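In what follows, subunit A forms one complex with subunit B and a second complex with subunit C.
And now, the complex of A and B:
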């Protein structure tokens, strides 16, 4: 009997501590869930019958959750834009949910799985195909054509990246192209009278690189992070050889083992000829901003997206220039990635009123001059024509960025395959690239193994 | 001998030392020089970091972390003691089965329960509050601590319980007057571990908390780090130092018990 009495007592104690803690910590924390409940209630009333919404105290108050990742500048600018929008549209409340990139995707997928995803969310281009395959993520923007002007987005971008099966699933915030940003101060010997560097071909690139390293053994022509070596050097080389998209949307490869082996041969030269910082050194840093060689002006130049130019040279006292990617002599396409940088989607699982309000907000956020001037290039060079025009008109693009945009627009390039940035596809690319770099595999063996592995990964993806 | 120990301490402590001094460096100096001492001391990192960006001052993150950690730790210790006491001293039906169930949850990888848990908490409407942390702690959902205390309780001779029983103590009194005072060391270790883990936990708060105003330190610190934008490393490093302080102070104060706790339970982590 005593035992049972004690057990009951323990349960009671546990229960009270639990209840106490549920209430005591702070009224704010307990209020938060109430709020969420309220919004869902509002939603159901609006969903069912519009007239009943008047019964609620806050008439017409509509709240939209907007989530994004980014750094300080992006958070600040976005919050400011939201504030301006809320002031101009009293009925709309926008709840910002922002974080850093790490964990963002995992969280988004979890939220989608439980039907609790934000109304508007930022996505990376590489996730789009995967999220679309879920079937419950994206609302179709073309249903809200009256609320949002889709014509401001260049048509090629719409068809290549935004439209899937005839539905507009995502819209680009910004767009990007690969360019070569070089340090004029370090490469002065190889620049012409106007200070421009001529690197038309990979041979030029290697030659300058070799000469630079001989002159100053501490300096290298280029460096990159793992992802950079793959996306800005190896894959462009491969596309220049084949003239085709590496991973095509019908789950086939645009290259064979021989072509890949050829690309590996050229790629390895940047390491064997000491044109690039040694790989094992370069990968210690997760961005240029903490690579001491780059910060100390010992790197000739880096391949990067033109949207990132200002970030990478912030706080550095050297003179910089931009030029297009080097190409093989007989190459037809440049292999540069010209693609949307960050994209945005509206949650499919919200009611019509919320979707419409979200579309209206995004129209202002993406296309309007007012918003573009607040946001500047915090999400890259704007994909929307009207926003880009607003920035150009107001001199908000740096010279280097404008040059980068021009160079990239003038270069013929292929679109990114929908599955090219898929995590499992990329993992195979990185694995074999590193095997070759570290000398574990010969280019031929790696080419063979990689093609086989990629084919099986793609077959798996294609089954879904 | 002392020389070797000192040397080892310097090597182990160097990253922390570097972190501390880097907080006073200029942003451009952090990754460009390998010198430990900054060229000129600046407290700018602390000032900027404390103001923080994005409309929420850093103090909010610290307060949030405290709000999250303190109840969680107290509840964890309380619940773990009760459950461990139950397993160590009582015979009841299904004890073996329950014990196995508890142990098996310890083996369960976190990733497996992540989504079901999220869905559950979402249904309860607990998201955006610290309730998921409190409730899990109150229900001894971290079997590691239960197991730790259980092993220790088992090592306390039953004769002590019986002696107390003869003197008229009930089951409850035996726990509070006999067992808990003897188990001070492992309880402190459990509390310290839980403090550090919860304080540093990134993923769970990330999942359960959407509003930046309720972010704990671990999330707040990451807010400013992004590959595509300029990162003010000195303010991030300065704030890392600030966020380390509470844990370090706690550890120093409780060190005596902590070391004892590890020694007596034979736990290695």
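And now, the complex of A and C:
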């Protein structure tokens, strides 16, 4: 009897301790009140019938966990949209789980592996193929055609990025393309009377950059963060040389060491000829908004996704223009990334009622005018035709962004390979790019080493 | 009565015990099993010793990362102990306000997981950070501390110094226990302060130096936060410390089996260092019971 009493006491102590370790309501990743939370695991044990009353805290309430990453603007807009949806659909409770990008992928993979992933989750285009191959994580949207209008997504985007093995695994929140956003005030000497900048080739780009730096040694033609140097300059140069996707979907490379060495030679000119801010200085800033040269109007322009134009020039008092990516004289394709910016999936391992409710919510979230007007471009320029139309009709796309969309759409580009932005693949690209920039490796040695390492990473990925 | 106390004891340690079993012992055992598998969080396949063989024969990053980590540890640990000892000696001399200084020096050690310190470090050592601003004010053009591959690791080595609270407290306790009669007798015999320190203080506190050296080596060899938060291992992998490599292998590349093998190799390295420390300790640690 005494033992039992102690056991009860111990259990109480443990319960209290563990509860104390749990998330506080103030923690960054918000969770709904405990009485409304039911884990995915618990739901999957149900028989798949609509037992919605059990899933929510209140009678008849169905709750859906929705996770995404982003900055404050995206969080605020999404929370507001959720509030509006919940008001219009009293039986549905959306539990937001949001954070910054850092650590999101690691957390999502762990959740998927442990069967505790959210019902709806935002994913990056570069993760889709791997998560599909490894985890079989995505529900097929085409099973919920009655709940969500898939026709609003352009067909090419559906085929290239959303469909795997005939199943619609993900949908795009937004789409993006690379453009060059330039500071007309700083580059006035090189712009025509209308303020248009003529940079058709990389030679034009280098020439203007050199002249600019000579005129004002504090100024540079461009700058970027590590990811930007890779995705907006080095990789496009490589694709312009080969005319192929760098990392093909059959786990082979679209380039050889000679072509890569050639790309490195051209890429390095932006540093050796002082066209770019020195790499070791530029990459210490997490974003353009922290880079004093950009803020002080000392940077000619930056390569970026057109969706980010308004964010990057927010609060700056200069005159800006947009133009297409420079290309090599004989290049056939631009190498710009023209792809969905952020994607969304429904967890495969939840019951039918939750999947259907998730599809209905996403239909409203992605396609409706009401949601589009709340969300604006916080997830990029909408991938859905109806949402894009709503933004255009209400004048919610800036002139620069509209120009960016047009320029990007008019530029010939290849689709992003399924594994091109895979985290392990990207890590190899970054490692060797830095070796060349810092002079640790010659372009030729780096090209050889990188090709070998990429082949070994791709072989590993291909095994799955 | 004794029995009752025993159960009550278990009751008190129950939260810790559960935490130890679930969060330490279980991962410890399981990671050993995983290290012999090819496991990506979704599928698992037995791989025998392949992970270990690959680490020593094919892995291009392993040796560099381990080397950087050992260098980091070899410089940071003595430096941290030296600063902790100096601060403890100063505090020991204080007649008034000891508690205030004690708190001030200990404070950085309780800032959670050193995340705040790492972020602060970044803002101090950036090209346009606080340090270069101060240097600029006196006409010195500061280096690019975090962007220069030749400097960055050394800058990061200074970070653990902020968190010398724990060894400092132990040193302070040890210094208080140095018998005053010995030091006074030495002084009367004409010993200079440095001689007193070298021949009396140091031997008397040597068990604590030994303990601190082992604990700090174990802690610093596993250091993760500064490399992850300040430099992400760059530039050119100069700060790609072992724990960060292990983390990337597990959670970015999803090679849990391989990462587990890496973690067991680190464990073996730590055990080896500890055994070597113990073996060497016989030569310089004074416990007072030597003949």
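Rule of thumb we're sticking to: the second predicted complex is superposed on the first by the 403 of 464 C-alpha atoms of A that agree within 3 Å, B and C clash if a C-alpha of one lies under 4 Å from a C-alpha of the other, contacts with A are read in each partner's own complex, and residues count from 1 in each chain.
Heads up, the rule we're going with is that a residue touches a chain if its C-beta (ideal position, glycine included) is under 8 Å from a C-beta of that chain, and two chains touch if they have at least 3 such contacts.
Note that the structure is predicted; figures quoted are calculated from it, not measured.
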Partner chain in contact with A:75 - subunit B first, subunit C second, else both or neither: first
Contacts of A:329 with subunit B and subunit C, given as first, second, both or neither: neither
Subunit B versus subunit C as contact partner of A:116, first or second or both or neither: first
Partner chain(s) touched by A:292 [first = subunit B, second = subunit C, both, neither]: both
First (subunit B), second (subunit C), both or neither touched by A:272: neither
Which of subunit B and subunit C A:134 touches, first, second, both or neither: second
Subunit B versus subunit C as contact partner of A:280, first or second or both or neither: second
Of subunit B and subunit C, the chain that contacts the larger number of subunit A residues: B
On subunit A, the residue positions that both subunit B and subunit C contact, one per complex: 2-3, 6, 9-10, 13-14, 17-18, 106, 110, 113, 292
In the complex, subunit C residues that touch subunit A: 4, 7-8, 10-11, 14-15, 18, 40-43, 60, 126-128, 144, 146-149, 234-237, 248, 251-255
List of subunit A residues in touch with subunit C within their complex: 2-3, 6, 9-10, 13-14, 17-18, 105-106, 109-110, 112-113, 130, 134-136, 226, 280-281, 283-284, 292, 423-424, 427, 431, 434-435, 438, 440, 453, 457, 460, 464
Complex contact set, residues of subunit B against subunit A: 27-28, 30-32, 53-55, 67, 71, 75, 78-79, 82, 86, 90, 92, 114-115, 118-119, 122, 125-131, 134-135, 138-139, 170-172, 202-203, 206-207, 210-212, 214, 219, 222-233
Interface residues, subunit A side, partner subunit B - complex: 2-3, 6-7, 9-10, 13-14, 17-18, 21-22, 25-26, 28-30, 32-37, 65, 67, 69-76, 79, 95-103, 106-107, 110-111, 113-116, 118, 286-287, 289-292, 295-296, 307-308, 311, 314-315, 378, 380
